[in-house]
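What follows is a set of structures to go through.
Below are two complexes that have chain A in common, paired first with chain B and then with chain C.
Presenting the complex of A and B:
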């Protein structure tokens, strides 16, 4: 029992950090709000489903296409919506939240709510660790999740583009004076974030059916992880994922699945009250609070 | 030689009616009085002439207009809420519980729910008053979702079923006019409030909270008061709707009550309250007219929200107001 909880807690934590990476890249690292993140995630899932079942594409082509499509949509979202309200933080939030809401509710309206909407797993089968069976998909999640987290850390600390991502959040004017086109970088950041949402979706969604409501949960989970970890910190994302992941698993095991989501929500509240800049956040520590 | 030039008809009128009232003719008085008076008369007459179905729509519209006003008020103090449903649901549940468990009469439950709902929301949000901007918004987005899930998980207060059998108003005229009159009081009351010294301090908190602090004013206390006022208005809406539908349940924390007031205020124009009301009176009937598209309602709100915030951020009200003051006429001048 304990072993199962530990192992599945670990997997749950990796899932959370996978979900949060894209949001962290856009909102945390570049300081651009993308509250349509949950919608991007669900959109990618449905896109893959449509590509496979309606257009009968091979699986991997569908996945790649869906990731590219979602990233493109992110770029379009930036170009046509975010660019016009850039800098007005509240407008950014409301506008992107509106776009996400529209996408999600449109799917609900179109009737994408039945149980037929499932994605195929990468490879079938399971392995045994101790007495616990783990299917291959969860191993894929763990592998890709760890690789992406490490990759994101290296990307934001050791490549020119990644450093530019962080620069525009730290000080946009200085970034401009150093020759960083902040509008272009922010656009790329939104696109990358959306693309990561799509990657997370094709990895995670095969565990169950795709449902519209999951879009809201994904956004809340991603927000929870980013806020608790501290904006702009990849290490923070991983640590916060493990905190919430295990907390969720323990509440699930001891008080029932209904309480699982409440953990994230309560965690957001507590951390915002106690330490708004998060566990590892360094940016703008003073500006968040008065 | 006579020549003609264009003259703005409001030039003199506006100058004389902005601060001190020194209007000199019926014409000028009409110019100033028609825009506020006409909608008020229309609102009071509408229940008399509308068919029963559209009366229900009017009732809903009025409620959403009130919610939009309460949202607008919070924004003018610098607190952007993404979860007006918190206030709404809180009022609904307080009224529902007072009715269901204590059996109080309706003329007691609604005022009590208004006050206690507002107070509860304020206490709940008290720890996050120090947050500003997006962080405050996130908390307000999260809170109604959390309360909804807690009610679902614990099954308290009726759980997923909700509480049914709440006492109705009984008289549909009372039902209708109570909410219309409250809306008018709130609309003109808030418009007056923000021009008083008290309102100026609240607005100053939005513009520059630190300078308000350095003026020796306790901004947290002011913010808490603003929250209480806004929360009370929202709670009133919840309590009222509870008695109209004779039901209180988890849908009271639904996204509709968060997103619609926001959309109304943004479409109508923020900061004037009249704009929020206008936005509600555009969006709600519009979505009723499009009822056969059903689930597209929220999509419609969300899209109008995005379109307006991107293309016409000032809102319809400000736009019309500007145009109204730019009416021109030809006048003869000596050349």
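Presenting the complex of A and C:
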């Protein structure tokens, strides 16, 4: 029992961080809102399903195409919606959330709600650790999840583009006066974040059927992880994922699965009262210290 | 190298710069001296193009209406409507007032971000140059820039601008809020930059005393209007300047 909880808690945590990475890249690291994130995630799932089942594409081509498509959609979202309200945070949030709502509810309207919408796993089979069986898909999730978290940290600290992402979040005018085209960088950031949402979707969705409602859960979970970890910190994303991931698993095991969903919401509440900048938050740390 | 003619800037109906013209020759140090609200920062933001960004942002939120008239020519090309990041590519870099840095990144990372337009090999050479120019910064390498003192941040801002390898450096009130000792350090550094790189420098400042001795040409502005111009020595000998800025 405990062993199962520990192992599946670990996998659950990696899933959470995988879900949160793209959101963290756009909202946390570059300071651009993309609250259509959950919709992008679900859209990528349906896109893969359509590519495979309606256009009979090979699986990996469908995956790559879906990631590119979602990233492109992110860029379009920036170019046609966000750019017009850029700099007005509340408007950014409302506009992107509205777009997300429209996308998700469009899928519901079109009838994408039945159980036939499932994605194939990468490889079939399972391994045994102790007395616990873990299927290959979850191993893929763990592997890719860890690789992406490390990759994202290195990207934002050691590449020009990654540094520019962090620059526009900290001081846009200074970035502009150093030759960084902040509008372009912000657009790329939204595209990258959406692409990461698609990567998370094709890894995670094969565990069950794709449902429209999961789009909202994904957004809430991603937001919870980013707020608790602290905006702009990749280490924070990972630590917060493990906190919430294990908290969810323990709640599931000891109080029943219907309590699981409120864990992330309660966690947001507590962290906003106790340490508003998040565990590893940098955004407000300086002001709090002074 | 830089030619500003008949520049006028309105915030709503308030006139921030009134028919301002100036010329900057290659390799010169030029100063624009004026008291608070004389239009110094507006001038710098207009020269660097940042005002175009502010204008759009204000328009989006339905804020202040900013209107520009006049022309700015840089290396005999009209850059009046060129975006700020493109002006940087053309070789014109601004250090904004109150030493804005990236507070959450450490000092070296700030310099790396500033090297955005350079090749990686040039970035490390640039960092070395900044450390040679400001040896005090070396031991603060891995400190978060937000925790540096005002003077250290000002050195860093100038260092970041130099990372871009500009042809023309615009300094907006580099001495603001610094101790006289730190002011002298910075003035020495500016002289050194000019001597070593032959960079063209435009400074706005309200502390005339440390600035006037090193400039080739100076402009005095009041309420957005040019009231006087001349060489550094001419300005220092002028009784009105003496009364207003030296307290004699």
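Just so we're on the same page, the second predicted complex is superposed on the first by the 283 of 290 C-alpha atoms of A that agree within 3 Å, B and C clash if a C-alpha of one lies under 4 Å from a C-alpha of the other, contacts with A are read in each partner's own complex, and residues count from 1 in each chain.
Here is the rule we use: a residue touches a chain if its C-beta (ideal position, glycine included) is under 8 Å from a C-beta of that chain, and two chains touch if they have at least 3 such contacts.
Everything quoted here is computed from the prediction, not taken from an experiment.
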Contacts of A:136 with chain B and chain C, given as first, second, both or neither: neither
Chain B versus chain C as contact partner of A:207, first or second or both or neither: neither
Touched partner set for A:98, first chain B, second chain C, both or neither: first
Chain A residues touched by each partner, larger count belonging to chain B or chain C: B
First, second, both or neither for A:84, with chain B first and chain C second: both
Which of chain B and chain C A:106 touches, first, second, both or neither: first
First, second, both or neither for A:269, with chain B first and chain C second: first
First, second, both or neither for A:223, with chain B first and chain C second: first
Shared contact residues on chain A - chain B and chain C: 84-85
Complex contact set, residues of chain B against chain A: 80, 82, 127-128, 130-135, 137-139, 142-143, 145-146, 149-150, 152-153, 209-210, 213, 219, 255, 259, 262-263, 266, 293-296, 298-299, 301-303, 305-306, 309-310, 313
Residue ranges of chain A in contact with chain C within the complex: 84-88, 157, 160, 163-164, 166-167, 170-171, 173-182, 232, 282-283, 285-286
Chain A partner contacts - residues on chain C that touch it in the complex: 48, 50, 53, 57, 60-61, 83-85, 88-89, 93-96, 100-105, 109, 112-117, 144, 146-147, 160-161, 163-164
For the chain A and chain B complex, residues of the former touching the latter: 33, 80-81, 84-85, 89-91, 93-95, 97-99, 101-102, 105-106, 108-109, 216, 220, 223, 227, 256, 258-259, 261-262, 265-266, 268-269, 272-273, 276, 288-290
